[in-house]
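Everything on this sheet refers to the single structure shown next.
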Amino acid sequence: MAESDVRIVDFFYEIGLLKRYKRTGWVIAGVPDPESIADHSHRTAVIASAIAALEGADPQRAAFLAFFHDSQETRTTDIPHLGKRYLKAASNTEVTGDQTAALPGPLADVVGSAVAGYEARDSAESVCARDADKLECLLQAVEYREQGNRHTQAWIDTSLASLKTASAKWLAEEALRRGPLEWMHRAREEKPEL
Amino acid sequence: MAESDVRIVDFFYEIGLLKRYKRTGWVIAGVPDPESIADHSHRTAVIASAIAALEGADPQRAAFLAFFHDSQETRTTDIPHLGKRYLKAASNTEVTGDQTAALPGPLADVVGSAVAGYEARDSAESVCARDADKLECLLQAVEYREQGNRHTQAWIDTSLASLKTASAKWLAEEALRRGPLEWMHRAREEKPEL
Amino acid sequence: MAESDVRIVDFFYEIGLLKRYKRTGWVIAGVPDPESIADHSHRTAVIASAIAALEGADPQRAAFLAFFHDSQETRTTDIPHLGKRYLKAASNTEVTGDQTAALPGPLADVVGSAVAGYEARDSAESVCARDADKLECLLQAVEYREQGNRHTQAWIDTSLASLKTASAKWLAEEALRRGPLEWMHRAREEKPEL
Amino acid sequence: MAESDVRIVDFFYEIGLLKRYKRTGWVIAGVPDPESIADHSHRTAVIASAIAALEGADPQRAAFLAFFHDSQETRTTDIPHLGKRYLKAASNTEVTGDQTAALPGPLADVVGSAVAGYEARDSAESVCARDADKLECLLQAVEYREQGNRHTQAWIDTSLASLKTASAKWLAEEALRRGPLEWMHRAREEKPEL
Amino acid sequence: MAESDVRIVDFFYEIGLLKRYKRTGWVIAGVPDPESIADHSHRTAVIASAIAALEGADPQRAAFLAFFHDSQETRTTDIPHLGKRYLKAASNTEVTGDQTAALPGPLADVVGSAVAGYEARDSAESVCARDADKLECLLQAVEYREQGNRHTQAWIDTSLASLKTASAKWLAEEALRRGPLEWMHRAREEKPEL
Amino acid sequence: MAESDVRIVDFFYEIGLLKRYKRTGWVIAGVPDPESIADHSHRTAVIASAIAALEGADPQRAAFLAFFHDSQETRTTDIPHLGKRYLKAASNTEVTGDQTAALPGPLADVVGSAVAGYEARDSAESVCARDADKLECLLQAVEYREQGNRHTQAWIDTSLASLKTASAKWLAEEALRRGPLEWMHRAREEKPEL
């Protein structure tokens, strides 16, 4: 195999760091043992595909963009808003460029175009993926609120204010209306016991 | 909006449970604070896209299949091998059917076809996604081994033995040859200090 | 020693898994770092002996039944209510039979009769132990509520509704009237400082 | 109900603190997220019943003594060996007396006699329960060793040296010979797949 | 080097235990994953220097006294109020004497005089450091209250009642008026974005 | 009180964030539940006072410099080495300036001069405090190694190579020769049982 193929394993191990990095905002809010960046990215991709389905965009592509949207944080970590006033960061595109420089061309292209597509904000899928990032944060804020934390309103407000698509806005309003565990009660009613 | 649209929010909250459910195998192995199912699913999708790129399959599709491959575990939990001898589970397709029954048709189709595609094992993307599931487990086992756990060899062996594609087999061998943090040392050498 | 004696050690290691398995319901509710099955079983046995004392049953026997009441979960895990609609489980008696099959006869009998006694619901001690299981859950729900979680009411209601003995019902009502830390304030008042 | 009946609820809440108190020795050893006192007490009772069965004592009584053996630590906490050189503690019997003073007589007697019986060391069941306490510690030390910790040998040596019964000594030697997860591999071999 | 120099390393390792010991009060209150004794000591020293600056005492000295004020707990652990009724502890001065007995004289003197100075309560710096210990607890109680815990009022009341200096009392009142995350919003307003 | 006095409370809450921020290096190494920045700062100050005592510098001043050495990380977070290649940070002096801008002059001066003194590297106390920072990291690396982690050698090597004073170098060598729990065994031997 070529040296570039060998470097794929490095890329896998690097991406794995997203499982261990906690979302910094929740640490600031004092959430005990908060979600990882990978946790957040996983649901963001699910949400992106749903928003895309509602908005007439390509669900699979939107999920893929969403999926890699924080992948640079293996190198830059998850800098909170206040930190961004003290830390001038390289662009996400530059970081992705370094992360994929040694990978085989086809794989580097797949990842690079996903990040570039997300950053460009010029496609329906990018808009859906970006809304998914915010909506996911709102949902998580609601969940942490129900688990006890009283600082979550700022996250809810900020997320809500930054949504672009009609679908995301409507889903956010609905998410604020119902509880995070209602799905389970509904599922139990719908499914007969064995 | 239609009632089925409202149910999308339920689906988002349901998927969020994958952030809180820990992978049961690692609990058995005694790994402290192990990864979530969402953590695992995130890297599995990255790996699926890479294997697909190497194998000439569609990386984005393979990632999408991988992405939903454990999504049923919101309802069935992550049953360990021993448990499967005592618990007869509904098929993944049946569970997905229930999870998506109340969703708008286009979204239900997107999710349902991803799960059906993964389960069918009849496409190159399904094979890549399934190998990604195993390879991800192997990488995580190596990481937990380096973090101290002495029970990981069984997970490495089982994962290795079940790989199908030449690419995944070769990547697994390479993953066993190098350490999980080598990528960082390499990245630091390649990138000049600011 | 006989091979069956050697297998006692296996049984000890197996039971130890109950320390690592978290109670699934609390994970669903989003309780951070929730109690283990062993934690739950410990207080359930204390409560069982108290209910038995009040109900004129044998406290030690009730505690012993309570003590083993979730011991099958080393093999079946703690399946939540929704999961039970998707997973058909072997009976607890069957699982215990497998767990103790290789043990020396007298020990297998002790464990087997405790589980059979609990499952049969035909003795006062079984009724007390089963009420203890529910009352323990109610107490824990109150504690998690006071620690911040807002999802606990469903656990309180379900536990309360399933109690059978007058003593358990009365204790549950009392538990809802007083706070989980009042005992400590009372203990400090009653005990002079050194 | 009488005031003494009301105090039973206080006793339940007090005992629940054993779920939250971690075993101090493991904190000193640097075990991440170690077992609780309740976790330890649960397996100690299982072991006590097994040793009693082997030694011809009453398994249920031995378990009951073992079950309450650290119940005073709700008030005294789990003081490590070094700490005992700086802290002169009230006797366990005195603490139990305070814990149960306000309880209804029959319940106070049940708990009080269990603690007195354990402390007196004058019955076969007490000897079995005390050996169970040490053997449980040894098993846990082996498990933490296999999970990575390198400080466990001191706990193994101390536990081994303090065992009294032939059964416990033999079980300890056997526990050191086999791995903590062998039971699971054996169970999987013995049980046919569904 | 002399034997006493070698023992400095032992002292460093011993002090490191304060990172692993959790503050017992918060465990009792059911705070998940609470602060360590070292965490508490760190902010206590910051607060001590601030109170000293306001009270016209020596900030650096006050911080130094505060810094070592719980250093004996490596040996005595953090005994809660109820526990102090059952455990008669050696004096802090005696424990510090043992901790530093084998250290080189100058270092033993530095640590010993810091502890003696804190315990004597006869200097302005000692008074400031002691108020800092209480005020730190109050701030932490407010933070845990905002993170969900409902048991914190007792800690707030006790801390408030024991403050001696006008500065600490005034700071405590102010701390109860504003939220724990207001500093961040204020900091973001004051600092222009990059 | 003046507005600047009110802002002291903000400063206290800000410093408290150091309890919740974990040291990023250990997250990368995969240490479960690693130490906080406050944990690290606490022992660093102890070590700084000891090195100063050995080197003929002012122990209290060295501790004070060490104490604030990472206090800027409330705003900048703990950026790992790789991240520093992608993030250009404001100087520590600038951050401290912002943190203390609204504080009363005397307190701002106390904190500001401590940070400036640490950063200037032009005093014996600064050199001791900087060596303490590295030596503390080395000790922690040894502790995590003994708790199971296999990635610690890089932290040990880097810390060792950057030490400046003869005392710190000698202490580091000694720290590598003895185990992290030897102090406890020695303390138990030296102290008679009660």
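Should a chain be cited, it is by its letter among A, B, C, D, E and F, assigned in written order, with residues numbered from 1 in that chain.
Methods note: a residue touches a chain if its C-beta (ideal position, glycine included) is under 8 Å from a C-beta of that chain, and two chains touch if they have at least 3 such contacts.
All values reported here derive from a predicted model rather than from experimental measurement.
**Q** Based on which chains touch which, give the shortest step count from subunit C to subunit F.
**A** Shortest path length, in steps: 2.
**Q** Between E-F and B-F, which chain pair shares more contacting C-beta pairs?
**A** If we tally the C-beta pairs in contact for E-F and B-F, the bigger total goes to E-F.
**Q** Once you find the CA centre of subunit C and the CA centre of subunit E, what distance in Å lies between them?
**A** 39
**Q** Centre to centre, by mean C-alpha position, how many angstrom separate subunit D and subunit E?
**A** Each chain reduced to its C-alpha mean, subunit D and subunit E end up 33 Å apart.
**Q** I need the residues of subunit C touching at least two other chains; which ones are they?
**A** In subunit C, 28, 30, 32-33, 75, 82, 85-88, 143, 147-149, 180-181, 184, 187, 191 touch at least two other chains.
**Q** Please give all chain pairs that are in touch with each other.
**A** Pairs of chains that touch one another: A-B, A-C, A-E, A-F, B-C, B-D, B-F, C-D, C-E, D-E, D-F, E-F.
**Q** Which part of subunit A faces subunit F closely enough to touch in the complex?
**A** The touching residues are 17, 20-22, 24, 27-28, 30, 75-77, 79-80, 82-83, 85-90, 94-95.
**Q** Can you list the subunit D residues touching subunit B in their complex?
**A** 32-33, 143-149, 179-181, 184-185, 187-188, 191-194
**Q** If you look only at subunit C, which of its residues touch subunit D in the complex?
**A** 1, 5-6, 8-16, 18-19, 33, 35-36, 38-39, 41-43, 45-47, 49-50, 53-54, 59-61, 63-64, 67, 75, 98, 101-102, 104, 106-107, 110-111, 135-136, 139-140, 143, 170-171, 174-175, 178, 180-184, 186-187, 190-191
**Q** Report the residues of subunit F in contact with subunit B in the complex, numbered from low to high.
**A** 28-33, 81-82, 84-88, 147-151, 154
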